[in-house]
Structures are given as structure tokens and as C-alpha cells.
Amino acid sequence: MAEKTYFEGYEIGAVRETGGRTITETDIVVHAGHTGDFFPHHLDEEFARKGPFGRRIAHGTMLVAIGIGLTAGRVNEAAFAYGYDKVRFIRPVFIGDTIRTRVTVLEKVIDAKNPRRGRVTERCEILNQRSEIVVLVDQILMVERRPDAQ
Amino acid sequence: MAEKTYFEGYEIGAVRETGGRTITETDIVVHAGHTGDFFPHHLDEEFARKGPFGRRIAHGTMLVAIGIGLTAGRVNEAAFAYGYDKVRFIRPVFIGDTIRTRVTVLEKVIDAKNPRRGRVTERCEILNQRSEIVVLVDQILMVERRPDAQ
Amino acid sequence: MAEKTYFEGYEIGAVRETGGRTITETDIVVHAGHTGDFFPHHLDEEFARKGPFGRRIAHGTMLVAIGIGLTAGRVNEAAFAYGYDKVRFIRPVFIGDTIRTRVTVLEKVIDAKNPRRGRVTERCEILNQRSEIVVLVDQILMVERRPDAQ
Amino acid sequence: MAEKTYFEGYEIGAVRETGGRTITETDIVVHAGHTGDFFPHHLDEEFARKGPFGRRIAHGTMLVAIGIGLTAGRVNEAAFAYGYDKVRFIRPVFIGDTIRTRVTVLEKVIDAKNPRRGRVTERCEILNQRSEIVVLVDQILMVERRPDAQ
Amino acid sequence: MAEKTYFEGYEIGAVRETGGRTITETDIVVHAGHTGDFFPHHLDEEFARKGPFGRRIAHGTMLVAIGIGLTAGRVNEAAFAYGYDKVRFIRPVFIGDTIRTRVTVLEKVIDAKNPRRGRVTERCEILNQRSEIVVLVDQILMVERRPDAQ
Amino acid sequence: MAEKTYFEGYEIGAVRETGGRTITETDIVVHAGHTGDFFPHHLDEEFARKGPFGRRIAHGTMLVAIGIGLTAGRVNEAAFAYGYDKVRFIRPVFIGDTIRTRVTVLEKVIDAKNPRRGRVTERCEILNQRSEIVVLVDQILMVERRPDAQ
């Protein structure tokens, strides 16, 4: 679903939460093949069994991609992703865990170089089924200002 | 290929570069399906043709995942990814572009909480076939110190 | 995005249209592998070149799955798919065509067996980039009635 | 295997049955990514556990695509799929169920507009490992008549 | 389609040919991800352009897998694959080439260890659209003898 | 990681071993779709349960492709794959087994037709987690001789 939310429409502290998605063995195998990252922590059960977690864990790059992907059910046509500040891999995610993303508007500043737009930082906390934060991504959106707002 | 490089083995300013990989339409379709991000900028040629780039562009999350994946040919058993500081989407990547990753050791600090390890920040510049930076990722590794170094 | 629309909320003649998606060679290869349908009309360019369309065409089952999938951006928690009446493969879809789905509420009847719900038939017209109908699916939804409506 | 069966060769009441295929978690994840339908009934185990079936179920569009795909081991060069009448989703299919398709020739009529061909309706009953019908598809084939038959 | 052909039913010199399949960029990207073989000859267009073939080539392991897979439309329940003698990669296959497999019964010998079965060697010549041999596989089948033949 | 090892650098009897990879249900489903080989031994749990192994087994073509793929972490720029002599499918591989490849330099001969290169035969033994050989592949590499060696 497309919509248009201007910089002025972002309210600091506003929170929304996506639906959930269960991380499957398929996701891990597909991600390895998609990225070429075949590290044994993700793909070798014998190796992983002897490691600190006792089993295979999901790739960090996958958790960022799926966790951010979960927020993509809603397209803001007035915004584009500028980058991330602070990505932290906090807890491992295992096959069978179910993740969802809680998005909080963290801060907003008018762009110094171009006052017709602003940067909005959204904290994306990727949570597991026990509501523990597994990955944290501070995503920076570049958002158009309302035409009459400048 | 597995290896073991301790914190002391990282030299600030050291640079290495991965091999290349051509970004295909397949990668974009697979990434959309893997993450659920079906934004028209990536998957709707009619929509994209009228946009600022005139054609479909690769997902930012995919460029991070593949760009970091390219560095995964070499596993350092003494390190794990702690997170990223500063991810920037600098230029669009189109179907048929070929990317590679240049990794520079940017800084290293002993971990205040645990002096037996240190944080190493590697700047990963994902480059296209014209050697332009398309995505920048400052990846933070947590690396064991040499057993005799503390 | 989840929502809840009761039987009473469906208005005959109401129309909505999804975003678009370009059908790629990847989609055809993935669909063949997913279903086991490797008919030469879809996968053998030499064979297809001599056929009535002069090139490979998309699978009918794929157009139904993706065309209905395009409508899945919006989940109605009060409804489930009961089936289809009348599916027609009207025009071929080629690699590079962009499809979207226009959904029109066609008819609604209270379920004779269970008056607490009703059947809503939505005509899903899958259109190409020239707005020609390529596939038509009359989808039947079983929808809860409003708690106070019976 | 290709063959050529004319309209006259279809005998009402004739039955054939395909081999089986186990529906895996992989199939569901691939189908979600292929179609963009990430409904929680299919992909969110936590959500599904609380639903009427107590676990994730296969997509209806996937069962149609795989169930019809199972019949594609045999290509009739004298026929093409015209559409479906009556598709019904009768029972849920779970991860680990094994489906096969039983095809019965239901009716045949000469095409009023073009007497050189006829419509053959095949009832495709998709069965699970307990031989229960899970999906029913009445597929309409448009079949050439025998050259000497008109 | 399943069938049962005993050792006695294989006639030396008998030839059959499969249908064709166009090798796509998708197949190469999927194969790389499936096997972890991301050699630049297959995935880096910039690298491949400067190589002996001037463009990306298909993986040898993929040509064996798809070329043998093309023969799998027919299952002989009385046989299983014992191995291959002599696999040769004769010509490169490029994106857009269409391959098919010609199978010739080359030789048959009763198994010395178990006279109730025999080895049948089938020469599988994988051909491109110009009928040039691109890969040759001598596949050895272990086949049951006819119950009354011993 | 790329390197350059000339014919003279291969030492008969030298052994190396790759990392491991767990064979998942996903790999089997992906391989079936990639190759079109939907034999019930691989994809139909009901069928396989009654067979000699009591469950689904991995495709031989997949084990060759993944087993050889495991050795692809190291690219020798002075070599290319000429073919295989002797491929044997020795033991079945089941979902959940973990394979790795042990490579032994078996023999080397200067090419009679072109004395500037030689054939090196590497025995690739694909092992399971109990170190049993499951597939054996004698791979022939064509390797450049050292410029000063002729």
C-alpha cells in the first residue's frame, strides 16, 4: 500500500510494529546462496553443535534484510533510505524463532544542505517471540518536507 | 578458508579487495522474495522507467548483504561481527553492474568491558565496475586478543 | 497491513487496483522449478520461437498465483478464500511484461448453510502494461457478517 | 514425454493418478517469496499456533500450481489450458503432507465457435496421504479434433 | 511417468533424445548459490569479458545436473544410478543456449558379483541448439534382470 | 581466494579437506526444481518410507555439485576442469547429514598433445559426518606448466 507522509508527519516517539515471520532453515540456506556466505556457523550443524550456541544461527545480514523487509508493507512515496547509523547484533536467532520489527521515530532534523527535506531516524528493533531485541538498526530516512512548510 | 587473526594482527590502513560479482535481475527477484520487499523501484519496470533513475534499482539491504558476503571467502575464527556504524547508500546499482568490496582497517580499540578482546572497525566500500563507491559500511568486528598480549 | 472488513463492508461495484510487477525470466524459471512444470512453451526458447507466440510465455498457474499474490498486501482478518469460479487465460504474458490486478466486487450472498457469514465474489482482472486483461479470476471469499447484522 | 491426443481420444470417466510430492516448509517459503503473499497463516508459526489449525498451512495458490504441475509429466501437444471452472479449497495442507492428483475426464463439448476443436473438462482432485480431497480444480482444456473427425 | 524395464530390455545402440531447455542467467545464479561455487567465470561479467570466451559460462556441475535431469521424465523402477565413467566438458555453454540430451545405450554386462542384475552404460551427450556436444557423460545404471532370465 | 599453482606445484599424495555443509530438505527441493528431477525417492516421503532406505535421499547429481562446490573456496587460475573419470554413488545421504570433501592428488601426466600443460587427477571423496565415503569423484584438471619448466 502506497501513501505519502511528509517530514512534518513524523512524530518523535511514535511506535508501530510489523507482523511476524518465522525464520526457517530454508531462509538460511537461501541467504547463504544469495550472498555467498557459507560460514559453518550458519550451514554446518556438526560445527555449530560444538560452538557457543549449540546449533546453527541466522546470518546478521539476513536479519537486517528481513527485519527491514517486514516494514516494507507500507511504502512512503515521500521518503527514501539514506543509510543506517548503529546496527547491533544483540542476540542469536535460531531456526524456528519468529521475528517482528518495532519501529520508533527517534529523531528528525532538517537537512542542512537542502532545507526542502529532512532526515528522520527510525529505531528498528527486531524482536523474537519472547520480545527480546535480537538486532537493532537505526535507519535514516530522507523525507520531503510538506510543500507549504518551508 | 579458515584462519585465525588476533586483534594484534589487524594493521590500521591495511587494504584488501574481494573479487567481483555481477548483480543480475535474478538477484533482485530473489531478494524481493527473500525479504518480502516488493517495492516498485525494484520490481516494476514501468514504474521505475518514470522515476529518477529510469530503470529498476537494487535493494539497499541486498547490496549490504552481498557486499559483506563477498568478504566471506575468508573466515577469521577469532572474530565475530558486532554490528555496523554508518551505512550509507551512495549511488544506485542497476542490473548488469558488477560490484566488489574494498576493505580498509579503520580503527581498533581494546574493549573497555573485556580487555581480552578488542573492536576493529573495517570500512567496507562496495564499488561498481567504474570503481565508484555505491554503498559504504563501517563494520565492527569483536576480535580476540593474542593469548600472550594482555 | 491487517484490517477487518465484514460482509456488510463490501460494496458491489467497488474497484481497487494493485501496484505492478514485471514478469521476469527468473519468475518463469523459479515457477517451473517450484511446480515441476517444465513445458517447452515456458522453458525452451528454440521450441517457443517456432510456436504461435514466437517466444516463451509465462505459466498460467504462475499468473494466477502472482496476480492473486499482488492483492495480498492487504489482509482482511474477517475473510478467507473459499475458491474460484471461472478462471480464464485470455492473453499470453511474455518476459518483460508488467502485470497488476484490478479487483471489482461482483456479487455477495449470505451463506445458506451459515447465516453468520456470506460469500463475496471479487473479479480479479490481471492486466498487462497496455491494460489488456491477460487472466481473469473470479475469487470467492467467505466473509464474517458484522456481529450486530444478523 | 510428449504425445498427441485428439478430442476424440478423451473418454468420459477415464481416470489417471499422478505420483506424489511431499509439501515442505521450503515450498511454502519459496511460494511466499515467489508471489509476495506473506500472510501469517503461512509464515508465522506463533500466529498460526493460535489459529483454527494450530500450525502453518500451505497457500491455496500453491496447491493449485503444484497440484496441476504434478499432471505436467505428460504433455498433450494437441491441447492447451483454457481456464478453470470451480476451484475449491476443501481441506488445509500442512508441512509434511504428501499430495497427488487424480484426474477424471468430466465432460467434453465441441466448441460452438470453432468446430475443429472441443472443450474437455478434467476434474483434478488433489489428494493428501489419507486420500482426502484437499483442493478440487475443474480444468478446461481446448483440444484439437482429429483431422478426419469433422 | 514410471515404467519398469529390465536389463534384457536395453538394446545396445538404441537412441532417445529429451526435450530442450534454455540455460538462463537465473540457472547460473541459482547454481552458484546452491553449490557455493561463485567462480568469476560464471558470475563476474567484467572478469569474463576479458577471458577466453568473452562472457560468462555455465558451471560444468550444472550442465551434468540439468543434462541428466532432462532424462528424468522417465523413471525406470528396475534401475538405479551406480555412477559415471568419463565425464568430459567439451564446449562452453552460454546464457541463452538451449540444451537437450541424447542417450545411447553403449554397453551392458551382467554384474559379476550379483548375477541377478547387470550394468548398463548409457552415453548421455548433452547437445546445444547447433547439435554440438557440450558435455559427455557415460552413466552407469545398475538394472534388475528379468525374473525368468537367470 | 585466487591463487596460481602450476602443474609442477601438484604433489602426488597431497591431501586437503574442505569445511562441512549440512544437507537440508531445502537443498533437495531446490535441486529438484533446478534440474527437473522430481523422482519420488527424493521428494515423496510416503513413497520413500516404503523403499530400501526408509526415507528420502539426496540426488546423486546434487552431491557431485555440492561436493565439488565445497572445493571452490580456492580458485587456481592456472587450471580448469577437464572432466571426471569414475564417479561412484557409494552410500545414500539423508536430510540432516553433513558432508565435506577430502581431495587427494592421485596422478599427473604431461598432456601428449600440448606439452605446455598437464592433467592432474584429484580424487574427491565426499564424506559424511561419520567420515564414510558417500560419493567418489576423480576430477581431471588441465593445468598450465610453469613457464620455465618445458
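Order as written gives the chain letters A, B, C, D, E and F; numbering starts at 1 within each chain.
Going forward, contacts are C-beta pairs under 8 Å (C-beta built on N, C-alpha and C of every residue); 3 or more make two chains touch, one makes a residue touch a chain.
Here the structure is a predicted model, which is why all the values come from computation and not from measurement.
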Required minimum of steps from subunit D to subunit F, each step between chains that touch: 1
Steps in the shortest chain-to-chain touch route ending at subunit C and beginning at subunit A: 1
Relative to subunit B, chain with the most remote C-alpha centre: D
Over-half contact-pair match to D-F, picked out of the listed pairs B-F, A-F or A-C: A-F
Shared interface numbering between subunit F and subunit C [over half = same, under half = different]: same
Whole-Å gap between the CA centroids of subunit C and subunit D: 16
Whole-Å separation of chain centres (CA-atom averages), subunit C against subunit E: 38
Whole-Å separation of chain centres (CA-atom averages), subunit B against subunit E: 38
Subunit F, residues touching no fewer than two other chains: 19, 21, 25-27, 30, 34, 36, 38, 40, 73
Contact graph of the chains (line, ring, star, complete, other): complete
Residue ranges of subunit A in contact with subunit C within the complex: 1-2, 19, 73-74
Parts of subunit E lying in touch with subunit A, wherever the complex brings them together: 30, 32-34, 36, 38
Complex contact set, residues of subunit E against subunit F: 21, 27, 30-31, 34-40, 59-62, 64-66, 68-70, 72-73, 75, 81-89
Complex contacts: residues of subunit F adjacent to subunit A: 19-22, 24-27, 30, 96, 98, 129
Residue ranges of subunit F touching subunit D (in the complex, touch as defined): 25-26, 29-30, 38, 40, 43-47, 56
